[in-house]
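Quick heads-up: structures coming right below.
Both of the next two complexes hold subunit A, though its partner changes from subunit B to subunit C.
Entry: the complex of A and B
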């Protein structure tokens, strides 16, 4: 199944989803397409004006262009997701070093889709890390 | 009967605009109300809604919207408003609008304000909300009866139409100068074409910016804002009274995008950030190209906008792009096409994403006669809009049609 990960560029979540037999939907894949297609190997600086305009599907023109640009990349992934894994309370250096408004909107879009979702807290020690992996594993194994 | 408009807002108290909102509501016979919520309701509502804004007042907006959706608070319409330029509020505002429309039958309007609130535009929105609530039966009217007239006093042009037994028998338009004199002139010409005298006209309806002035002058049976009147005129002209449609009216000063179901508007957006997204910009373009505005469309049809790209949200800088293009030797055809494309793109970017566009799209108003603009709108939206005959007369036709319901 296609599983959206939030933060969308989390390597840990990507690895977990893949390890348990599902296809992770991540920012990396969306950016890879841009690198291949417009040959600007400097993600995410290869977001174009057209992308930002496409982002209007998710947020109005009064919303800053940076949010719309992000949503133009992540929105289509959320639309095709069968499930989602969300990690919250992560330090700023984990995942996308970016806009909190975009992050809020991503969580909202996932909620709107009504797909199976697991929300886990960023672990602060080894014991919590084991719990998180267990929660994600249980969720992913339960997906049919 | 006082119409209760539920206000879901953030920032109005400290932006000096709350008084203006109350005043606009009062002047159309409505009262602004605030759905009651308890402190405990708020966190629960935010969790249920799924968007967790940092701003406590936005959380309160969400809780109030949930009260309305659960029918635990009685209101007739909803007004959602927040500060212009706040990203979080813009996201919440749009999603709340969608939520209210999915979960209630209440008409809803959204608005983002600055401290310099445009009272006239706000009034039109409030008036439209009240009209949708109080005049549903009148708005459902599909046929014009008797001998009636409609006057549309717009920001750029004034239009008059005489209708009899569901047919247009006389019409005329002119540029708006003095509101009353312009109306007298077009009404006289329309009556001449119809072969009728003023004393024979059984009812007259006025709309547009000069509606109150004209309503008083002619003792009109109907004086109504242009959002509901225009949508009625548009579906009558396009023969789309049943089912759903989106009406797009790119005006001289502001733009309207209205969705209708069975001819009754249920969502609309009005305004635009700048003149770069209006008919005025095309007038300026025509002037710079030294052609009449009527010729601009045909010229644009022959050009390709990609050859003279314009990249501005502002009419002044838009014209600067155009002048630069001409200086570089771009053809008049390409520049005209680029101007039309720029307006269409801006209308799409600034307005059409505020409503859920429904098909077909009916393009009306004076600018719908500019074929290059219609083509550009079609390219941007991926579907060529329907332009009904007499599309510039929507307001006047709507006025004549609706006023016949008051006979």
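Entry: the complex of A and C
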């Protein structure tokens, strides 16, 4: 199954989802599509006209362009997802640090899709790490 | 994602005794036609998707708790990212933060494989309205 990870560029979540037998949907895949198919100077910082239009599907025109830009990339991934793994309470440098509002929007879009979701807390000690891995494993193994 | 090319990032947990050089030698010794580039945190492996997945499976089998991996959007040595050509490296902060957390995840994976039960995280409860009122009135 296709599992969206949030933060979408997290190696830990990508690795865990893959390890437990599912296909992670990540920012890296979306950026690779741009690199392989569109010749732009600096993906993901460059956007095309299509990206702007796609971003408007997920956030209104009055929303800052940075949020729309991110959602143009992550929105289609959320639409494809069969499930989602979300990690919260992480340090600020963990994941996309552009804007907390885009992270909120991502969580809202996942919730609106109504797909199975597990929310884990960033581990600060070994006991919490056991909980994170245990919860993610149990959730992913339960997906059919 | 393109099935033609896959670039993978392998990162060694800071708790491990494995060195990037040993990891690169292990991948080279497999004799597969993939590009391998040693980095400070592990290595990058690039090649056709099927081949890279085979390498990933072999690395995971040999180092199940020490090496973590994710795909990398940019190919190895891409001038837009390559340090040698003064490319920007916007993923650095993320990698550094994850590197620090890897020993914890390593511990979690070991416990999970041993079948150890985990303690569920306590759900955050809403603040009762009366308590909220007291807080508001106290700071009036």
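Following the convention adopted for this analysis, the second predicted complex is superposed on the first by the 137 of 144 C-alpha atoms of A that agree within 3 Å, B and C clash if a C-alpha of one lies under 4 Å from a C-alpha of the other, contacts with A are read in each partner's own complex, and residues count from 1 in each chain.
By definition in this document, a contact is a pair of C-beta atoms (placed from the backbone, for glycine too) under 8 Å apart; a residue touches a chain by one contact, two chains touch by 3 or more.
The model shown is predicted, which means the values in this text are computed figures rather than measured ones.
Aligning the two structures on subunit A places subunit B and subunit C side by side, free of any clash.
In the superposed model, the angle subtended at the C-alpha centre of subunit A by the C-alpha centres of subunit B and subunit C comes to 160 degrees, rounded to the nearest 10. Shared-chain residue A:54: touches no atom of subunit B or subunit C. Once chain A of one complex is fitted onto chain A of the other, the partner contacts of A:14 are limited to subunit C, with no touch recorded for subunit B. Contact with neither subunit B nor subunit C is seen for A:2 once the two complexes are overlaid on the shared chain.
With both structures placed on the common chain, the touch criterion links A:113 to neither subunit B nor subunit C.
Of the two partners subunit B and subunit C, more residues of subunit A are touched by C.
Shared-chain residue A:67: touches subunit B; no touch with subunit C. Of all C-alpha pairs spanning subunit B and subunit C in the superposed arrangement, the closest lie 5 Å apart. Subunit A contributes residues 7, 9-12, 14-16, 18-19, 26-29, 31-36, 41-43, 90-91, 93-95, 97, 120-123, 125-135, 137 to its touches with subunit C in the complex.
Against subunit B, in their complex, subunit A makes its touches with residues 53, 56-57, 59-64, 67, 100-101, 104-105, 107-108, 111-112. Looking at the complex, you find that subunit B touches subunit A at residues 49-54, 84-85, 87-88, 90-91, 94-95, 112, 273, 348-350, 353-354.
The residues of subunit C lying in touch with subunit A in their complex are 1-2, 4-5, 9, 11, 60, 68-75, 78, 80, 88, 91, 93-98, 101-102, 104-105, 107-109, 111-112, 116-121.
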